[in-house]
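To keep things simple, chains are lettered A, B and C as they appear, and every chain counts its residues starting from 1.
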Amino acid sequence: MTDLTERTVPVVTTGDPPPPRFRVPAPVRSIARHAALSLLALVMLYPVIWMVVSSLRPDAEIFRSPGIVLDSLRVANYGTGWNALTSPFGHYLVNSAIVVLGCIIGNLVSCSMAAYAFARLEFTGRRLFFALMLGTIMLPIHVIIVPQYIMFSQLGWVNTFLPLIVPKLLATDAFFVFLMVQFIRGLPRDLDEAARIDGAGHPRIFLRVILPLMLPALATTTIFTFIWTWNDFFSQLIYLTDPEMYTVPVALRSFVDSTVATSWGAMFAMSVVSLLPIFLAFLVGQRYLIKGIATTGIK
Amino acid sequence: MSALGEFRRLGTTRSGPRRKRDNKAAYLFLLPWFGGLLLITAGPVVASFVLGFTDYNLIQPPEFNGLANVRRMVADERLHQALGVTFGYVLGSVPLQLAAALALAMLLDRGLRGLAFYRSAFYLPSLLGSSVAIAVLWRQIFGAEGLFNRALDLVGVSGRGWISDPDTALSTLIVLNVWTFGAPMVIFLAGLRQIPAMYYEAASVDGANRWTQFRRITLPLLSPIIFFNVVLQIIHAFQSFTQAFVVSGGTGGPSDSTLFYTLYLYQRGFHNFDMGYASALAWLLLLIIAGFTALNFWAAKRWVFYDD
Amino acid sequence: MHTPLTRRSVLALAIGAGAGAALAACGGGGGDAGGDISGDPVTLRFTWWGSDARHKRTQQVIDLFTKANPTITVKGEFKEWNGYWDSLATTVAANDAPDIIQMDELYLSSYAERGALLDLGTAAKHLSTADFDAGALDTGKVDGKQYAIPTGLAAYAIVVNTDLLSRYRVALPDDATWTWDDLKRVGAQVSKAGGGTVTGVQSWGFDSGGVNIWARQAGASLYDDEGNVAVPPAVLASFWQYLLDLTKQGIAPPPSVTVERAGGALDQSGTATNTSAFGTWWNTQLTSLAEASGQNLKLLRQPGEARAATPGAYYKPSMFWSVSARSAHPAEAALFVNFLANAPEAGEVLLTDRGVPANTRVRAAITPKLTATDKAAAEYLGALKTGPAPRVTPKGASGIEAILKRHTEGVLFERQTPQQAAAAFIKELQAEIDAA
């Protein structure tokens, strides 16, 4: 693929018109495509469906009756699960929501700023800092967490949401910095050149030109931060020791103890409940994913 | 032009007219990031490096033991097993997951009714993340009485407990990873949205077929995003922990067949009070990942296309 | 070249690393365990693992205690098993451990010998152990010091599903005389009648109970008094050979099914799903199993006890109460442990949740209030003929069950012979002990 290195976008034609070939009528193809996609969706969703079904079964039936055919409907698990721990489950949902909100704001602001610098600005040490940024995501959390815990505990931050949120405000989530760098570099330079000729400085270019154009990247960041923070177990487990501060994943695990009977029905019910916010977030967020350049009509 | 290429250019004096150095603005934009690096990241990272040369049981003060941890790595058979498992997992799961994500993203990008529904349906498994429910759910598919075996029964093949058989356990985790292709799919979708539709229109007018359009337009214009996904998914796969942890109950079993590198490191650090060795293991992993990432950046020069 | 870090060099390291000065966690205990109870308000942190039912019960006990001792506030911190140990290790490393710690036999030495736990003997003024058997108390001693008080006792048992036996017309064996061969024989009868869906025996070899009993019946023990691995390879090999025979003769399910069930939760086991007639369990798990299974389950003594050189059966402390050595309020913490261990009103709430109470007076008091299955578990424990408890798991050997499980899997999948597994197991376990 030699054309990849060319500066212009290659729209290459073969010269010859495409050979005539038999085409399946459009409606048939469409139905076939829907059928295939639906089947795939069903297979992929089977475990999720099983979980929802199990949340409606009595505990004792969950592992004794396989399959997803429901012969009795038992919503009692939802009530039991909601009140199974020392606080109502809503308490943990609120805690998670606070952490998620803080992390989203932190990531959106700090990562986009850092990404703009890496993608568009020339500065001393850029090479080194970029490598450092990538390097920070290469160490597994399990060896970082003990020194970090000691540090935060010296600051008196244990059992607050600060150890979970403040790092995000400081762009420590290199995944999103790198993601945004790649997106910004995909944007045509002519746009910021034009703005610069009009006398715009970097803050203005960043806010008025780049940010609106990287909406898909920002939406991606928001959705992922939401989902990953919502699901993150280990750091929340370590930093939040007081049950009053527990978040959803920590609370959910408190249902399960492998040595005694677990209230599986209640656990699945609360898993379904905790899945709803991120699913809704995805449903809403995905609309912004598709509002990229292609639909704003630039270029 | 790859990021590495750009680094190289920075090293020389060859700067284009529009490549003026802008240190002040850049450092201002990077201020939060510098703050995070110095205040949050640097300390623990340096501490883990120092601890790599100690014997540290978490309860008593660390004791320097020089290169003893490095010598241990050479002789540690479980470490070698973990390396084998992890490389197998990276090689197996990253290409499969990215291919599935790209294929579905292309399919779900435009021109089909009910797109939002399919997108959500395909993303839903990824939402489960590291939920405890995963361990149970996965058994409903690949357990001895799971969906997969019941499908096999229909065609007269008798199955086994795929998750708990050392020959197949790792493969089920690879499938599990492919199953949660939602994240790269969404990133691909966002990337596809950045490709102006007029390119495709022009190509259609010129009579280019789908495959040609894919090769000549989609691939080059999506290449920064593909590159991002490749780099990050490889890093991610090397660090893969949660799924193996949840599915194997933290043991990496059966018979160490799903003993991922980070799982082993975690076991040493937390279960065996061996945090000094775990820290040394972490830095070995960092070197391996950094090597692969550097290789990726080097290769990127040949296939990643930037519009700048 | 082991150079102990001095306080100053640790400080330098920590400052250099920016990681806070507590890496070495060299702070001493704050209070005096033998002192008086403070009149000022005191807040204690109390941590345990378990599932939702235990969290509720424990919170009730906390409320009872704080009602009786209004100046003391107790904050409960509950976790599930894995997260519990990660969190505990981290907080201990940061000198930030909870005051009262629920402890397990596997980890007791690892924490006690490294100075993380308080010698409760120094708190005798507030914490009475008069109602405990000496044998039970000994399980909480390390190097002669009482670092932990057992909450309850458990004993290894065979759980049999009598409904399955009567459905297949298999006679219930007499557990006073039965042998390991008898278990094989009745298991084979069930497997034959079960036609593939039900097997006779659910294989074991994933927890330390089974191997301990096997070794003890052969007159050996897992560890010697010094805490080194002492079990002869031949004894271990015969243990694994027996498990391998069960699998190969179809008495137990195929290896992948066995391993899957062993890795799952209690509710997914063969006993809980009524797909295995016999299974090895701790007696205290009977109630959970019976609820999950919905059929009649009964506790049987281990096979081979009648002919064994020494009794294989023993009382295992189901868990312990312990106090952090760095607690700022050790006297108050001891008072709370005293309440947990001795107060009848606490026992009435906790019942057998943490094992059949090791406190004999509490045990007698709550027995009438137990459910049928809990009563059966308590009676089983009372009637059992036991030998002296095995030595507490030595420091460094906390990973024994993981090592055991790995080798059982290796044997069942025939990746190694029982003899190879025995040699490798001993070597690995000893290496962990030596390294600690």
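The rule we apply is simple: contacts are C-beta pairs under 8 Å (C-beta built on N, C-alpha and C of every residue); 3 or more make two chains touch, one makes a residue touch a chain.
Treat the numbers as computed from the prediction; the structure is a model and nothing was measured.
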**Item:** Highest-count interface - the chain pair sharing the most C-beta contacts
**Value:** A-B
**Message:** Can you tell me which chain lies farthest from chain B, using the average of the Cα atoms as each chain's centre?
**Reply:** C
**Request:** Calculate how many whole Å lie between the centre of chain A and the centre of chain B, each centre taken as the average of the chain's C-alpha atoms.
**Result:** 14
**Prompt:** Once you find the CA centre of chain B and the CA centre of chain C, what distance in Å lies between them?
**Reply:** 37
**Asked** Taking each chain's centre as the mean of its CA atoms, how far is chain A from chain C in angstrom?
**Response** 39
**Prompt:** If you look at chain B, which of its residues touch at least two other chains?
**Reply:** 39, 43-44, 47, 58, 136, 249, 270, 275
**Item:** Per-residue overlap in chain C, given as positions that touch at least 2 other chains
**Value:** 17-20, 23, 86, 89-90, 93, 265, 268
**Touching two or more other chains - residues of chain A** = 145-148, 151, 233, 253, 255-256, 258, 264
**Complete:** chain A contacts chain B in the complex at 1, 3-5, 9-14, 17-18, 30, 33-34, 37, 40-41, 44-48, 50-51, 66, 109-110, 113-114, 116-117, 121-124, 126-127, 129-140, 142-148, 151, 166-167, 169-172, 175, 177-179, 181-183, 185-189, 193, 201-202, 206, 216-217, 219-220, 223-224, 227-228, 230-233, 249, 252-253, 255-256, 258, 264, 267-268, 271, 275, 278-279, 282-283, 286-287, 289-295, 298-299
**Request:** Would you mind writing out the residues of chain B in touch with chain C in their complex?
**Result:** 38-39, 42-44, 46-47, 50, 54-55, 57-66, 136, 139, 143-144, 160-166, 248-251, 253-256, 267, 270-275
**Item:** In the complex with chain A, residue positions of chain C that touch it
**Value:** 17-23, 45, 47, 49-56, 59, 75-81, 83, 86-87, 89-91, 93-96, 98, 265-268, 272-274, 285, 288-289, 291-292, 294
**Request:** Under the touch definition given earlier, write down the residues of chain A that touch chain C in their complex.
**Result:** 59-60, 62-64, 84-86, 145-151, 153-154, 158, 233-234, 237-238, 241-243, 250, 253-264, 266
**Complete:** Touching chain A in the complex, chain B uses residues 3, 7, 10-11, 15, 18-23, 25-27, 29-33, 35-37, 39-41, 43-45, 47-48, 51, 58, 107, 112-114, 116, 118-133, 136-138, 140-141, 145, 147, 179, 183, 186-187, 189-191, 193-199, 202-203, 206-209, 212, 215-217, 219-221, 223-225, 227-228, 231-232, 235, 239, 241-242, 249, 262, 265-266, 269-270, 275, 278-279, 281-283, 285-286, 289-290, 293, 302-308
